[in-house]
Amino acid sequence: MSRLAEAATSLAEAGRRMDARGWVPGSAGNLSARIDDETIAITRSGVHKGRLVNADIIEVALDGTAREQGQKPSAETLLHCQLYRLFAPVGAVLHGHSVAATVLSMAGPISFTDYEIIKAFGFATHEVSIDLPVYENDQDIARLAKLIEPDLLAEPPIGYVIRGHGVYTWGSSVEHAYWRLEALEFLLQCELERRRIK
Amino acid sequence: MSRLAEAATSLAEAGRRMDARGWVPGSAGNLSARIDDETIAITRSGVHKGRLVNADIIEVALDGTAREQGQKPSAETLLHCQLYRLFAPVGAVLHGHSVAATVLSMAGPISFTDYEIIKAFGFATHEVSIDLPVYENDQDIARLAKLIEPDLLAEPPIGYVIRGHGVYTWGSSVEHAYWRLEALEFLLQCELERRRIK
Amino acid sequence: MSRLAEAATSLAEAGRRMDARGWVPGSAGNLSARIDDETIAITRSGVHKGRLVNADIIEVALDGTAREQGQKPSAETLLHCQLYRLFAPVGAVLHGHSVAATVLSMAGPISFTDYEIIKAFGFATHEVSIDLPVYENDQDIARLAKLIEPDLLAEPPIGYVIRGHGVYTWGSSVEHAYWRLEALEFLLQCELERRRIK
Amino acid sequence: MSRLAEAATSLAEAGRRMDARGWVPGSAGNLSARIDDETIAITRSGVHKGRLVNADIIEVALDGTAREQGQKPSAETLLHCQLYRLFAPVGAVLHGHSVAATVLSMAGPISFTDYEIIKAFGFATHEVSIDLPVYENDQDIARLAKLIEPDLLAEPPIGYVIRGHGVYTWGSSVEHAYWRLEALEFLLQCELERRRIK
């Protein structure tokens, strides 16, 4: 099986799991995986990420342009490419829309304090307070990527949220990126619940 | 496969997905698809929309009358027919009952501001504030349809809610109508959550 | 297939659907169906209702005693038998434990006003206000049944809740009892959400 | 089938059920079962508990050391071993992370009063008020186990929670441990909801 086909299989599986959790409503969300030093596989624009077939995953260069003419990669492709360009260990990037991420990002800053699950991001202890960066939404993705880049270089975060939009997480493989997405969404759901009870 | 059978297959699939989300409790909800200029396929009255079989989908004229004598189309058939009559691109109409739609519609007006997901309805940017029309429930469906019609003609909405009842959404196909339903229910769930946290 | 085996198949299916919604945690809940004028099929005590096999469904007389010696019917069998005894049309009774039913019953009286879904219980319009009776929990089931009986005879309710415990619903068949259970749980979830937003 | 393989099959099944409820995000959670007087089967560290295969379950002695060299048992193995050592009837131990357990444990003491479901833990009546012990999280698991031991010996609880982390429950078999986990998570969800409505 070609590396593109392998990536397509993994991404379709991740998409199904995200769909089961309600994280890819309609044609929202996008998923990608690294194929080699210069190429990534990413979901096409305008397809339901919970029901991906091989034809829905296309090859894209690190500058965001599709390998095959006429194919339309995800609108947010540059946000994926940025992560592969900056961080050699990144093997996959997942972007979903959850109610928790959307609502919390509209309510103010987000941070996680004393949660055991934070160890999913490499911390040795729960006794930390970690901020989740929140960026203003922007239809100009190139401009948004420029805004995010210094922060990524200064201190790689556990992921980030685009206000009123959704989260970006990444990992060494599609499977590991999905684990980190699950952990991040779990933390967001805890924060949402925590703010409701007095 | 006849166009009726094709429609039945798509509608049964959409019904299963709606059921998995809890949007068709009991025999609530109704789903339809356009067959040709004068005919639609719609779910019968009194069946569980999450477990549809071909016999549960019947042909109905645009005036709401069943093609075959003795068949009982959905009670809300005229609300479906209205959309096919007014908007040529409409290929499918979905009506479900969600807790979020029911509760929010009973609490007052509903609008969505700065949500990325609003782009699912054709907007180019998230920087919009879109109202979701709320209509008083009415057992006289013909009268309800008359009330709704001027609004539909003046400015086609992203969908609408009947107070204490549920949403109506539509799209160019059953699949696209389902994507818009998922997006609308996502927005409603966000609004519900947003109003709970201070 | 014998009537017992038929009932077992339907009840196992209903149990799986209730389990998917989280309504039969552990070995909680019980499900039954009428076999003939003097016999019902009911789930045994101490089994997970989401994973029923034929051997988990036993025959019981309308007085609550098991047909086969040594079999242990559900602890709440008399509450089922009461409904079959009083109401000839009842073909199935379902009892589940939902978070909404448990929490609301502990918070005070419960009623549903202007909900479209109330029509699932035979009302012609949504413009009604229907009380859901709440009874104090009691480990003496015979005593509890005696307390409930006059109310059932005076005005058959849409179902009832035992405080801190769960709902009882019924219908002409297992399928129709399940539809009414779904509708009732939907109403309870709406009430729970309604009381949270201001 | 060897006892290890049998245990692996049961644990994988329990893991899938926990995953369906969102209780094992990422590589969180751990599951074990008793094999004989001196050996338990426990999930390896760093695997997704919702997708366990036989190779993910390893044999460990009651002192926490892996039988096979090089295998890495769960970080929290000593908490499992403690329960098998102290309580002969314990056949399985399940640890998951739920939003309810995490959030409530961070909000203060937890107790359950007048819930019917408490009978899942052996009580004869709902008319009890049962505390769920909450322990401060600690990356030094041996130290945490030492802190918990006197309480376990003084009065075996229905389970316990580690603050900001998750619950530990146990039972005579994997199936019965899962039933108790479902019941405990149901109670926690009720408490979470109860504190939100006034």
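Letters are used for the chains, namely A, B, C and D, taken in the order the chains are written, and counting of residues starts over at 1 for each.
The rule is simple: a contact is a pair of C-beta atoms (placed from the backbone, for glycine too) under 8 Å apart; a residue touches a chain by one contact, two chains touch by 3 or more.
All values derive from a computational prediction rather than experimental measurement.
Undergrad: Using the touch definition from the top, what's the fewest steps needed to get from chain A to chain C?
TA: The fewest touching-chain steps linking chain A to chain C number 2.
Undergrad: Determine whether chain A and chain B, two copies of the same sequence, contact each other through the same residue numbers or different ones, counting it as same when over half of the numbers at the interface appear on both sides.
TA: different
Undergrad: Roughly how far apart in rotation are chain A and chain D when fitted on CA atoms, stated in degrees to the nearest 5?
TA: So the angle, rounded to a multiple of 5, is 90 degrees.
Undergrad: Hey, which chain ends up farthest from chain C, C-alpha centres compared?
TA: Chain centre farthest from chain C's centre: A.
Undergrad: Taking each chain's centre as its mean C-alpha position, how far apart are chain C and chain D in Å?
TA: 31
Undergrad: For chain B and chain D, what's the span in angstrom between their mean Cα positions?
TA: Those two chain centres are 44 Å apart.
Undergrad: Please output the residue numbers of chain C that touch at least 2 other chains, ranges allowed.
TA: Within chain C, residues 196 contact more than one other chain.
Undergrad: State which pairs of chains touch, listing all of them.
TA: Touching chain pairs, listed by label, come out as A-B, A-D, B-C, C-D.
Undergrad: Any idea which chain B residues touch chain C in the complex?
TA: Contact set of chain B toward chain C: 22, 25-28, 48, 97, 99-100, 102-103, 106-107, 137, 139, 162-166, 192, 195-196.
Undergrad: Which part of chain B faces chain A closely enough to touch in the complex?
TA: 21, 114-117, 120, 124-127, 175, 179-180, 182-183, 185-186, 189-190, 193-194, 196-198
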